[in-house]
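There are two complexes below, and they share subunit A, which is joined by subunit B in the first and by subunit C in the second.
Moving on to the complex of A and B:
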């Protein structure tokens, strides 16, 4: 049995990577609720954030400016994805909309490979590479940045959704976009807004954890996968549950790696995730209303 | 023989035969072998993605099963290549079955995520199980492929074997596409509720096609590994999975040919970029092409070729333009002797949150009657119909049909038991012709086994002729023979309603549930409908209809059941109900 310091080490380390999954999951849930599209490319934004920061810090730009550029890139790319690949085929069947996001993921991966090459890049910690102790766990200073940054982002999103006019409009669109339109809300504008915000959240999340994980062109699919599974745990409805599930997946991953051999880590992790999907499949499939016979009574 | 249908196959066979004579370098043969390996899995994915609209990202997981299965069985157990390939494909099918069962009940993208997780699991396992898989360095000593004792040592012989397998996969794919299975897959892709109402078990068809696509992918994996002669965890990595999907989309996912053409495009692109010394561009070009095809031209390369040559379309393959109406086929459903109530609804209740849509409603429908379910908007009529047809679950109470409790029966099983239905908002399958839509309705009378369908045996063709005859009989019955070859979105709204009715009648139901069949029809169309309903009853079919058009109801119905706010407020003959003070109050707001 590991001692409490070791356990704290695993959990706290896991919560750190979990932050990136949580931000991706949150973006996926918000986008799905407003636009009905499951964005399979969302993980690529995380990978891109890390890679961008690697290049910017190699150019010795001030950190604040680099982060601002990373956020701007996420905003622009998210908006571009919506305008260029979602809006033109708004009326296409659901599965085409989802498949297009996979195409976008491949394009972003390919562009990342073309620009940054196949070797993972090193990103320096925001405040150097010092470490600190918490409950007996030894953590890099960057952890503070990650937790703080994630907390600020989550607070912004939840306060924004709960208490601002735009937040209300977004919630209205996710409940019933036709009714929202009748109330004078433009769902298309909300969709592009959510894609832009989601893009920025994910690139920033990727940039925050890059100093600990290295930045690599092909990390997007696995980040995206964990974000998507977290979103499923929140039934694609609850942003709060999705964030919690993202953090939990990070913690689970790190505990498995710490308690077992590191080679077994992926096997156990993906076994658990797959089993969870199968169980959820069995549980959710009981009812027959999944066939959705229209809404009229 | 049909020239338009057989020409592409003849051209492909010719190309396969001529290619090695034109390009005999090892490099050219190698590229063709990689195309073959990719194409087999891509054909399987067309069936899954293009026909059934189920997105699986991690198809390379099944290539891994084939690749590692063949490598392990041939190197460590001394099996011959053919047996190893077949056993691996069986394993892949089994895995797909176990995973697919629970996952494919869920809608849409969950399969995408689960299949990706499956592939990552397999990659991790391949690295972990060093004793079996050789770990990260893999198995470097895979022998040549062998057919029993014959070792296929020359690349040229192996090339022909590989392309023979591609042609076989293509033939199976085409047979499936043109059969009741292909129709069932397209039906569930277009509208799951509509497919279930025709007696199609949507989950089991999705699982079936997932299993087939897994077996094809596994065979592709075995093929590639015997060509490369090594396997390690990077051979069938995430990029390979993306290769297959992009191949299918760029090639054109609506046709099985798209899998083969897409594989050619992907490998040609890779080799061209390598010659230009710009290999890093490959992935980004694939991604952009995928997006462009999906947005601008969903039929892909196949569609482009069709547009150029016109003749190579699925429509010309499947439906001969002239539908002679032969002698009317005999009824396919065995007749049953009924006494008393055909349908008995007891205490049916259903709420949505706090809204009680249907509350303790009981009534009976006698065999041969026309019963109308009427009531103001929001009275719960459609919900009641949905619970009877199995599309929604009862909260309390239930229904008995012909003496059998159908309270918890799934909609497709209820359809097979003899209850057909139409929907308030038409649920047509827009990816098929009107005739094929109606053929989906008699899907349940198909007797050809899946094996005979996929191998194109004579029994399957006979089956198709039979179903086509029944479907034409029903189209003739509703007066739509002339539009049989059009698509539902090309005919008028009134005709679409008639088509849905023909589809329901093709099930040869004992009980027909109609949800506002007259809504959206003009006066003359409504008259035609009324006359049609009488003819349906004359065929011995009992009808339960929800309707707003009071005139239609009063003229037709033997019995009227009135709902208001989810509760039954009156039941009786039309005249009787018309006098009922509660009914008047519900409809006209008069004080009771």
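Moving on to the complex of A and C:
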């Protein structure tokens, strides 16, 4: 039986990876609620964030400016995806819209390969590459940035959705976009806004974690897949549940490898996820519901 | 009297005018220089694999230059017809088909990723143009195709050398961190088989997938098994992250990495080659350059003379392909079938990366004799005993 330090090591490093899944899951849930589209390209935004930060770091730009540029790139790309690939075919069947987002994912990944090449890029830690002890676990200093950054982003999203006019408008669109339109809300504008915010959130998440995982053109697939699973756990309606599921998936995969067998890690993880989804009674079993953020509109 | 019509005159004029066109090549063939001995080169000149395999081609070119100073093939200068496989199997197969269709080409040299080599191997017996290839994929050489030969030791040989060296050094408890892909699991299988026969123990055998970024679980398990030495195999991001997290967790056990992990991208990502000082790897003798022992060092000097500068590992592998080709051609009637048969009989022919041997059953080419345990010292590979 591993000691408590080893347990803390598995759990805390897993939670750190889970932060990236949580941010992607949150973005997927928000986008789905406003646009009705499951954005399969969301993981690629994370990869893009890491790659952009690697390039900006190599140019020796100040960290704050680099992060601001990464966020700006996510905002622009998210808005562009909505305007160029979603809005023109808004009335197309669901599966067509989802397939288009898959096409966007492939395009972003291909472009990243052409621009940055096949080799993974190093991103220096925001406060160096030192480590610290927590409950006996040895963690890189960058972990604090990841946890802190994720907490701030989540707080902004939940406060924004719960207590601001725009947040209420987004939730109104998720509930009934026609009724929201009659109330003077422009659903199209809200859709662009959510795609842009989701893009920024994922690129920032990718940039935060890149010093620990390296920046690579093909890293978006894993983050996207696990973020999508977390979003499914939130039934695409509950941002809180999706975030919790993202963190849990990160912790679970680390603990399975540490406590069980690294050989069986992926098999066990996906079997657990599959069983959990079946117990939940199917993803879309309860139909589309409003965005659950714990406050009323 | 026969009348010459306008039509007859035109025919006569046409015939006279066409004489040079028909006759010139015959005249040229009769009086010109001896025809080149053409070798079709199929290599990754573009695409992701190009940086490594372009250096292979430089080794080919240096060898051809040196060969020509010795008179080439029976007085015929050796010329290389370079075809780009774009680092992909389909263009590689097309290039081989094109080269094989040229009756003046008697042999092909291949320098590209394993998938391209395998695509060529699949057609070699059909097109019957002998191929000498580089490549780290064992299936290129076993099962042996009569027309397809490769150089460089088998993957199994790297693990064999490592485990034998561990036993000599008195390391008994071994830990492994290996990928869950075919290559990694192949290494795991070899390790399980050989440790038992050598009387060694596997203290930990951890695996990871190519998309993993958090290796602390595997490394904590390695730490808790208290091994004498750790062997890690992971190319690209996993290799880099395993190394970084190994250091972050403060693991002090001697660390050995698979050779393919120690790329320029690896060194760049960890902050320079000197940051990996102390890391060991089973490596090819060509990596030691002038320091390579015996015949390897002498052959390396010849390569440097032909290149006019220090040679890389890929240069030395290209040179070894030249060595085995020249020897086989000398022992043959210079026909495609003759060269193929002569290649099949090559035994213990000295090469920079160890003696080259082919048998009808085994076309791998080189073995553990072309390998040495190396260690990084001040950012450079040196024999582990000298470090």
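By definition in this document, the second predicted complex is superposed on the first by the 263 of 297 C-alpha atoms of A that agree within 3 Å, B and C clash if a C-alpha of one lies under 4 Å from a C-alpha of the other, contacts with A are read in each partner's own complex, and residues count from 1 in each chain.
Heads up, the rule we're going with is that a residue touches a chain if its C-beta (ideal position, glycine included) is under 8 Å from a C-beta of that chain, and two chains touch if they have at least 3 such contacts.
In this text the structure is predicted, and so the values were computed from the model without any measurement.
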| item | value |
| --- | --- |
| Partner chain in contact with A:38 - subunit B first, subunit C second, else both or neither | first |
| Partner chain(s) touched by A:144 [first = subunit B, second = subunit C, both, neither] | neither |
| Partner chain in contact with A:121 - subunit B first, subunit C second, else both or neither | second |
| Partner touching more residues of subunit A, whether subunit B or subunit C | B |
| Subunit B versus subunit C as contact partner of A:274, first or second or both or neither | first |
| Partner chain in contact with A:221 - subunit B first, subunit C second, else both or neither | both |
| First (subunit B), second (subunit C), both or neither touched by A:263 | both |
| Which of subunit B and subunit C A:229 touches, first, second, both or neither | first |
| First, second, both or neither for A:14, with subunit B first and subunit C second | second |
| Set of subunit A residues, in rising order, touched by both subunit B and subunit C | 117, 218, 221-222, 263, 265-266 |
| Residues of subunit A defined as touching subunit C within the complex | 2, 6, 9-10, 13-14, 16-17, 117-122, 129, 131, 138, 140, 209, 212-214, 216, 218-219, 221-222, 250, 253-255, 257-258, 262-263, 265-266 |
| List of subunit C residues in touch with subunit A within their complex | 48, 180, 206-209, 211, 213-214, 216-218, 220-221, 224, 236-237, 240-241, 248-250, 263, 265, 268-271 |
| Complex interface listing, subunit B residues touching subunit A | 49, 53-55, 57, 99, 102-103, 105-110, 112-114, 116-118, 120-121, 123-125, 127-128, 189, 192-193, 196, 238-239, 242, 245-246, 249, 280-288, 290-291, 294-295, 298, 352, 355, 357, 378, 380, 382-383, 386, 390-393, 410-411, 423-425 |
| Residues of subunit A touching subunit B in the complex | 38, 40, 85, 88-89, 93-96, 98-100, 102-111, 113-114, 117, 218, 221-222, 225, 228-229, 232, 263-267, 270-271, 273-274, 277-282, 284-285, 287-294, 296-297 |
